[in-house]
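Chain lettering (A, B, C, D, E and F) follows the sequence in which the chains are written, and residue indices restart at 1 in each chain.
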């Protein structure tokens, strides 16, 4: 049965993903890409489990490097996105009369 | 109650104070209307039309004047006809009460109730009777049409196979009712329109018609409670002249409509400025007949000075005499309607009323209007 | 079990935050807050994950997180504004790599069923492609590499073999998950494939590629989620995967390209240099045209008789204002013979209150025509017919025209392929950079206006 | 288990079809196909369900399906076009009843855990409310019942007690699922509650209520799904539940009402008859205004000086055309003193090419003013000031105005609460049927135009 | 764990439901309501299982009546919706010039 | 090569064939330009401006004519000046070749190459030289301005406190270049505009300017390859008159611009129809000077018939002489430019060219134009 649950969840998420993004102004393309890229760093939590569990050493090493790489993705991704949006925000405010 | 409409006497006056449509309405309200023969001909209304509307046509002017309880005219009455009025009659017309002291005096003497259409207060409520506005409005249109029929170029921009014709620049000084309509008309024809007025509130109104407002910093300028301009100080006047110079030189058409209520219109285009204009340019001086906004304009005439045409024709609304009559007549009818006593079928003026106290100049042998009274002191 | 449920409920909360975050990110007013919302979701997920009872040792986790975060903070803080897109690329690559590693690590600790093996293959494969693909994208964008499309003979054959090999390895591994050999080969092949995927694409198209890779890295996370049986990975990963694809599509539209064109145009292109041949007519719909206009920074409007027939002048003015509000410069190029009487366009444009300042003559716009991102031809035909320049046999030959075909993209708004007053075919409609927006000009422009929501 | 998985995979397929169907239903071009798509989803679901291994006897199923289908076909075929909304109501009620029954039936066959009991309570409760609520709605719509709001003294107290009782029963039953007594009481109470819920609402608001009940019946199905552990019920039910709420919101907006106002306005209303007191200012945003305009069939536009200041005439024209294309009649009511010079509005409207035919004078529009669904006042103030009619002390008293306050809904577009040329406060802004759309008129109208997507 | 799956599915479906319906023209309000009402008749499949399984008689009776009611909802709902949309379609075609 | 510009002789002709801006361009191309003194004065261009542009000013007209290789004029040359031309000179002007048989004959005799600006073909390519269009275009504007300066009402609609003024109805017959510009101008001023033309293709063009096209079913009507109208059959003409009657009676302004290339303009407003019009209405007859579209119109004059003003002034573009000169001059310059031989710095006419074969009437002592040749047979 689990596979059924998983399949439902997968399908629903995919549809939801399609519906969520509608019409994005050009200025937001990069930030949105960057922001969703940060979300894809969610793999971090998988990495944490791998790195923390007591399987073979190799698993731990793999896990630990995964944690490191994923952290870069997550932390860097959110920060860079925020910087971009900050910039954009300022520009917009100036642009408005 | 008889309402009498004598024929206008001035040869260049084509308007008539009451048009057949309004005759019909007044008759329906219970008035008797008597119109002098041929009174509406020049405005395009034949005696037959008046008859059809229920008016009596009278060939005897003096009888008409003597028997009417209310006399409606466009122009001020000739002094010799004041005496011919019926005792206690109401006389409605333009009067120019600030300048026509003698006429006012004889009206007072005759005991007539003289209403001056210039003096209708400028309130939202009284707007339907405001003949100054209705006529100024048409004058604004006419001035542009006359101006551009004298211009050796066209007003709109045209990008054609034979090159691009630049839009003409029209500069309108004084953006009251006439000025605004002139702006609208010139804009309609595709001109580049710039306007100036001493009252700062007007800037928004000018822009609301899509034209540009010329910014000149004059410091504090005032406006009466009726929305009329206050006269400038000499210093301010110089600033204004200075500020307009360049714009006038660059313009193809200049239309001046500046007025200060109750005073001689200010001179705002000097002979020097005229000289600076391109040959072929046109100036329309709305105020030419009452003193002139333009130095060198000749009342009633169109002249050329150094290749610049200066139109001082005056009498603007007579160019569109029919519409002018229709509007003036509607103003009068609205006035009568406002103070009509349905029972007695006659006009009952209420001197407490702001409109009445504003526009009635003489009544019962007295000058009752505060402004005019104070003027004479 | 209780803890597991609690953790998962927290995961639900972070999934909700991700969803909200994504939604907010796609609108200018809320974007910044959206990013914060989604990062809170991430924080919650990370924190509750640490409660996982499978975790016995936090050292490695701490090391990894600290090292990674420091690098991330440093990189994000110091990167120049202009270098942000490549920074995103490299982050994305790391994400893919992490998914690859997570998938790999999933092999240890449980018995490998076929299902598990398949998921591992997927996460490794997608993760690997994302990783090296992103690295190449980064290299091209930062100009550490030649940004031109790189092609070599036999490329297509090589790629086909590569794909076959990947499939074979995947199948072999899935059948016998204990044989790690295949896994290693697979990892290697996926790296190679990532490289091969991106090198034939030009630098200018990199943003689209990054967006696509970003979508892939979401899918990789999703696959990893299946591998380690983690719902949040599945949900968040597929959310990113799906929304990334939409975003990629939007970005393609804004460049007036199809995705296939972006990905594979490199292959078929060494045809440059041959003489211009008649192309095909490429229609476009208002929605796609919107994406291009929205991204444009200068637009030339060329009105013609059709604008008059459609009485489209008022909506044209409205479109002008929307574009200007969007930070775009709008200029009207008025050809002297446009319309059916001298000054026809002026009458209409004045009626719509288009300022004289933005009206330019043919001779003013032609010299700068190639700087316009988009030229919108509204019911004009003869006056933009390049045959007047190129085709000596044409009755129009010798007439100066507005050379809209030289601007980056041309939209031609007319109802059909019919010719204009002169009755001459118009090769403009067949040019590569021309898109035909068929329909009454007023309807078409109104539709565009309404797209600006 | 294999069959179960297969069934569930088919369920996934039907879930996808439902999703697509719903999406297509919300756009005119695709709606009909959408309905077919979703019905195919339903067919698949029903067919594969019959493969369920728990099913041993098909007789009852057949009987039920045949009886139900026949009734359904008959009802759907014969119902008059005008009676469709109440037909939908009654169908909806049956759906709710079915969910109630399914939930109830779930009690038999397995051991009742607390979780199960809670889900049963929910499905019974929501299903019951949906059922009787829908019946009442049907009665009101078909005028089998008095369609006016029904109120009695103590109603609110009665309802409070009712709710308490429902909660109590629910809790009791959840704690001891073997005691069916509580379930029966609960069923009874939920029926009563459904009735109480709908009777205080007027017949005109029934469509909104049905939509809300429709959303509820989705939730009931969802709850039943939890009870019998069926994923498709959960997914489809919650899809309908959520989308139904959005639809309800949209319908409320189109009636210029808030949902609370619809549901509870009956309660606080016996105030009619007292003299009009100053109300409150009710702002509205373009999006909500759009929903009202979209549903309007006649609109009066009253322009004033503010339209000139904002130079909004061109977008006004555009809005007019959109409304007309939407099947709505648009008339301009021009007051003689609107603007700042005689004929000010004419100049602007002519510039925007508004046909003279749709311009009407004050005396032409006033007699029919109460037939306009919406009056849009664009930067006018003095000329629509009801003080001129009502307030003897006002400087405007006696001036004829355009009586927009007598039309069904009034939108006033201006930037602030500032007064107009005459400097007089305007009670129009405080009237019940007035909504203020604050902002520059051109911006506001452009926003409205863009809402027509 | 099942509850987690269910919760995920519930949440995702609800969000998806919210996202799906955007801006519906007034003419479509009733058909859309009716069409989604038909979908809510999905409870039919639950009813089928109840009616067909060999639990107590009462369960079967409940199930059978549920099947009947749900069938009315489903069959009637889809048909009525289709009729409405058919009407609408014709009107639209006429309306177009 | 010398280009000569003599002063126009007709007293009511204010235009000039070449304006200083174009002189400058021609001089830059390598031509010598000689302008008769005062030639541009009436159009607003002083001799100084010409001098500044690089022209020589000559007071001796006969010398100028005798020495110029190319002579540019607006109006056709007086017959007595034809002989004064230099041998083999190119003479460019309006010629009216369909009617001026004698003039053509003497031009032929003189051996000059005579170019008739009327005969420039109506192709997209030649449009920049098409003086008939450029002048007709301005005439369309002028006729409306003159028409509405004679009208006793205003054109636009106005809803005012003093009642609503209905928009004036303007009916334009013949929607060629002049007619279309008249439509545009009247529409700009806010009139209700209705137009009619015998060529069916024009309906769309009329509507593209926002005006209404009057539908009259005439059956098959033709159009030449240059876009000119073909003459109607008597039957069709009657249908047209019948169909217009009501519209004319309802209109405040009627503007006629109907022409049939190479023939006398058709009469399309009869005396009967004039009588049916409201007093105060205005008719503008564009063709008054060449025969007239309106029965009773007097060439060169504005008259009143039963209260209806009929404007037959003609000479329309002279009202906007400056712009008219600018456009005509650009047409001529484009013509010269098109056939300029840069090496030899002179005009090299290529008789294979469609434009040349269309507009050159006489050359080397022969009438070379096919149309005109056939006319004489």
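Here are some notes:
Just so we're on the same page, contacts are C-beta pairs under 8 Å (C-beta built on N, C-alpha and C of every residue); 3 or more make two chains touch, one makes a residue touch a chain.
The structure displayed is predicted, hence computed values, not measured ones.
If you take chain C and chain F together, the chains in touch with both are B, D. Residue numbering at the chain C/chain D interface overlaps substantially, since over half of the positions present are found in both copies.
Remark: among chain pairs A-C and B-C, A-C carries the greater number of C-beta contacts.
Chain C and chain D, compared by their mean Cα positions, are separated by 38 Å. Note on chain placement: the centre of chain D and the centre of chain F lie 65 Å apart, centres being C-alpha means.
Put simply, the C-alpha centre of chain A and that of chain D have 37 angstrom between them. Centroids of chain A and chain F (each the mean of its C-alpha atoms) stand 73 Å apart. Residues of chain E found to touch two or more other chains are 3, 5-6, 8-9, 12-13, 15-16, 20. In chain F, the residues that touch at least two other chains are 127-128, 133-134, 137, 156, 158, 160-163, 165, 188, 190, 210.
Multi-chain contact residues, meaning those touching two or more other chains, occur in chain D at positions 19, 231, 235, 311, 336-337, 342-343, 347, 350-351, 353, 451, 453. By the definition given earlier, chain contacts exist for A-C, A-D, A-E, B-C, B-D, B-F, C-D, C-E, C-F, D-E, D-F. Those residues of chain C whose C-beta lies close enough to touch chain D in the complex are 311, 314-315, 317-318, 321-322, 351-353, 446, 449-453. Chain A makes touch with chain C in their complex at residues 3, 6, 9-10, 13-18, 20-56, 58-89, 92, 95. Interface of chain E with chain A (complex): residues 2, 5-6, 8-9, 12-13, 15-16, 19-20. Chain contact summary for the complex, chain A toward chain D: residues 1, 3-5, 7-8, 11-12, 15.
Contact residues of chain D toward chain A in the complex are 1, 4-5, 8-9, 11-12, 15-16, 19, 231, 235.
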